[in-house]
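One structure below.
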């Protein structure tokens, strides 16, 4: 049996609420309900997934959900794990518990996710602190799919796009 | 009276010009070690003209203006006391301690001005300059004591005369040690690595100089040129045997070259390391020189 | 008194031959600055060198795109420089937004906020192209036609209006205050 | 540490260096060696043959398909209707162009090409900045300038949409711009009339 | 501008909690207009020459790449995403292309893989030389910095010959590379350059890496231990300097790396000097890898995938799914997470720049207690690259 399958089985024994599968060599994937993510990441850390690589937010506008992908890397097994969870994308409901105490570096990624997508991580005291975005964009969460990015740019910089007339003909 | 004034003016012109050439030489030789062409030798003069021709001039009050005049004045005064062949005017009164003191004063003047500007970088730089000043005192003092002990006088002119008779100072072991210590101190006075801690462009963005612009900086450039000339001249006089203007010039360039070489190949110390370094090696060397001289 | 205007040609020559650059890489083009300043292209041949202190600098190189956050610092740094001062814009981005024409966080027409003297095409411009731009600005300084700083003084109201429109009124004070509470809290 | 994998680790003594006071002096040997600097205004530089510079356009083979406009990541290309040409031609804005030359890659008839000329420096004035926005000329007109500069000296805007490109050797190209976009300007006019 | 003292006064009046009054501290805005930070800002609370607290202030280079990539066709994103890492733009190109290759299920031809490996290694060498320049400038050994920048130009010329541009190569594309190797002459030139730089490495050792003062300046500052580094997600040379033998090229092999023989340097100290020496050794190893690749010679075959879907580039579609690809860049582990919904544009692209891990939290913690003179050195020894934090 490949080492990836062994790892998945080992983790799933401890966390029966999760779904897990092997994507390909050195890539494994878990789907976890949002409220048990802290528990699950603790198990992952015990199972030699030492480093968190990033937290990706994917905005599924059609489903009305954010997909949070916690990406972990194990130096012991040389395996990359995606831990996926889904939360509603409404501003007031998009809340998650922080995992800062498990993986300290998550603090930075959580600030990043909050700045661009408006996911609020409870327990992270740097959440409100200014991050990459400047004052003007703060609170607009510009990377959300429903953000009118071109219109906002045009208003902000007072530019007129010369392709506006027949936009359908252009792919961009 | 008029003749003395004229001579003082001539010395000043000569020192400024040669000082600017020295600055140019520093830049060219450094550039050659870097494997590049470098600027023309008269580049510092152009820089100074440009700085003096700036249209707007920012000042931060009286002390700010005064500090620069203070620095320039002290340097010019020091220059007048150092023997320069047979055209110098105050050489008979030139005392080792007096000249050393006058050569250090400009740093204080720049610090006054920098501190009054209120820029935190300038403040940091001024702190560093003070500490450097403190650090170089000990080896400098020992080097001067060694000289005075060896020749039995504090007068620069008499030391030069004595060297004409008894050979250059650095050919005597105790004074050779003193010369080494003094040369390391000179590195800090020139503001070259590893002791350019005070201006450190990559760390504190030029330190005290950060707020100077336009005419103030132009004046500082002139001051730097004269100081460069005076410091090398002093070294050439007390350790390398003095001589006529031309001979002195060659010796000055030799002193300058050593400073450039050290500056090009060593990184910068931090201020605490520099202080420790100065209180250790140069101090030991200079003290050894002083002890040997007094034997 | 001396009529300093007589010396203006000399001054212009000195200004042309001794352009000190503000050490501020504002965008991608900053990566071509080290080769320019160092042994291979060696701008010091023309008496140019990067200067860490804006008070001493003459030439401001806008090396590529400019974000509003950087533009605030650019404006403050530009205003710190003593007159006469010159601005050289690298590449497409300051001119028309470049590849970031639709980005919410990149300036589209730099000339609305600070006066620019010379523009160079390229993404990013080669060192040779930058040198060509510098040659151009040198010619302009000698003729006395590099008058961006004069324009900034004369049309200060207009520039200020554009800046305030983008950043909001009182942005200078606000930016300085922004970080202080965070330093206080812990 | 890693399971079932052998990683070749360099011996520590090879990685570590011993500090020295003497060795730095060795670098002074370059004082008397020839500088590596290229003295640019006096020395010609070597540019790669395929350096991605300004565009060229063969007006005869361009079919106006707008593939270039679609692939352009910066939307720097605008189709331009020129009097006397049956199909629109791309107009490139160097205020946006990133010189990626994807447009050249996708051109189905190889009408669009590029040369290694890359230098375009102008004073920031509206009339001079016109140079940044041009309909590329055929290759032979651009390639005759071998000093890597932009071929145009200036772009003059004459009355009723006429444009005159003055090349740096005095040659002029004059044409009339009818309109922009994919649809012919006459159709556009008709549509507007209909709407009215 | 309001002065800092005024702000402090105002804060006091508004009843804000002030700095501990027993200590005379002040704030220092380190950057962005500063020689050491490029385009990054650190706000330092200082007590004399010591840093009491540091707060990183990123965002000066933010252009919203991840948003812009969602509005450009799959192919043209190459021209956009490479701007994330300016010193080695080939890395974002390569990871994005590898991720798209995986989504498409393409088997990239051997020749293309070989060229990609060569390009990545050249980028590593040039990036390390650039880093050497930075370290030299920050320490005050301008000589080493000037040489490094000059020797890097040789690689730039080779890149120009191969790809048609000096810095933004736009060369590695999904499915292969854009152009073939120009000629055998280019390979010979590359070989000469590798030998030349290898020869000059001794000079760098002499003046920078074996210099007594460099060692004094860098040892014992910015110390990380193994657990701290792993918790903070530090990767690349910074992690190896703490004693972890980790390298993506070995752990998650890609391209030609499984067939190459190279060593990875590991030191236990975890201070600035260890990080510098690890980088110095890797530069040597990269040159050795290039030598091996040249000895191997380019495999014959196509340099690009032959696929009918590539005919209509602007409307090129990628099947739905997601892929993650990462490579070992000089700063650390550089990864791209690409999500496709089957359309002609990516649904989501996330680039994981290594600096986001070691440039914010780690930096803030390492700077506490450092002297002001150590700040640029720690910053440089970490290899902080602001654009990949800001994206």
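First chain written, first letter: the chains are A, B, C, D and E, and each begins at residue 1.
The rule is simple: a residue touches a chain if its C-beta (ideal position, glycine included) is under 8 Å from a C-beta of that chain, and two chains touch if they have at least 3 such contacts.
Remember, it's a predicted structure, so these values are computed and weren't measured experimentally.
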Hop distance check: chain C to chain D, minimum number of steps through touching chains? 1
Name the chain whose C-alpha centroid is farthest from the C-alpha centroid of chain A. B
Between chain A and chain D, what is the separation of their C-alpha centroids in Å? 38
Report, in whole Å, the distance between the mean C-alpha point of chain A and the mean C-alpha point of chain E. 23
Between chain D and chain E, tell me the centre distance in angstrom, where each centre is the average of that chain's C-alpha atoms. 27
Note: chain C residues in touch with at least two other chains are 38-40, 42, 45, 52, 67, 69, 97, 99, 101-105, 123, 126, 179, 182
Enumerate the residues of chain A that touch no fewer than two other chains. 75, 78, 130, 133-134, 142, 149, 171-172
Which residues does chain D have that touch at least 2 chains other than itself? 1-2, 5, 24, 27, 35-37, 39, 70, 72-75, 98-99
Touching chain D in the complex: which residues of chain B? 29, 31-37, 261, 264-266
Quick check on the complex: what are the chain A residues that touch chain E? 26-27, 50-54, 56, 58-59, 69, 71, 73, 75, 78, 80, 82, 103-105, 107-109, 112, 116, 130-134, 142-143, 145, 149, 171-172
Complex contacts: residues of chain E adjacent to chain C: 1-2, 7-8, 11, 16-19, 27, 32-35, 38-39, 43, 45, 53, 55, 57, 59-64, 67-68, 71, 79-80, 83, 86-87, 130, 133, 145-147, 149-150, 152-153, 156, 166-168, 387
Sites on chain D touched by chain C in the complex: 35-41, 45, 73-75, 93-99, 118-124, 129, 132, 148, 150
Which stretch or stretches of chain C touch chain B in the complex? 7, 10-11, 13-15, 17-18, 20, 38-40, 42, 44-47, 51-53, 55-56, 58, 81-84
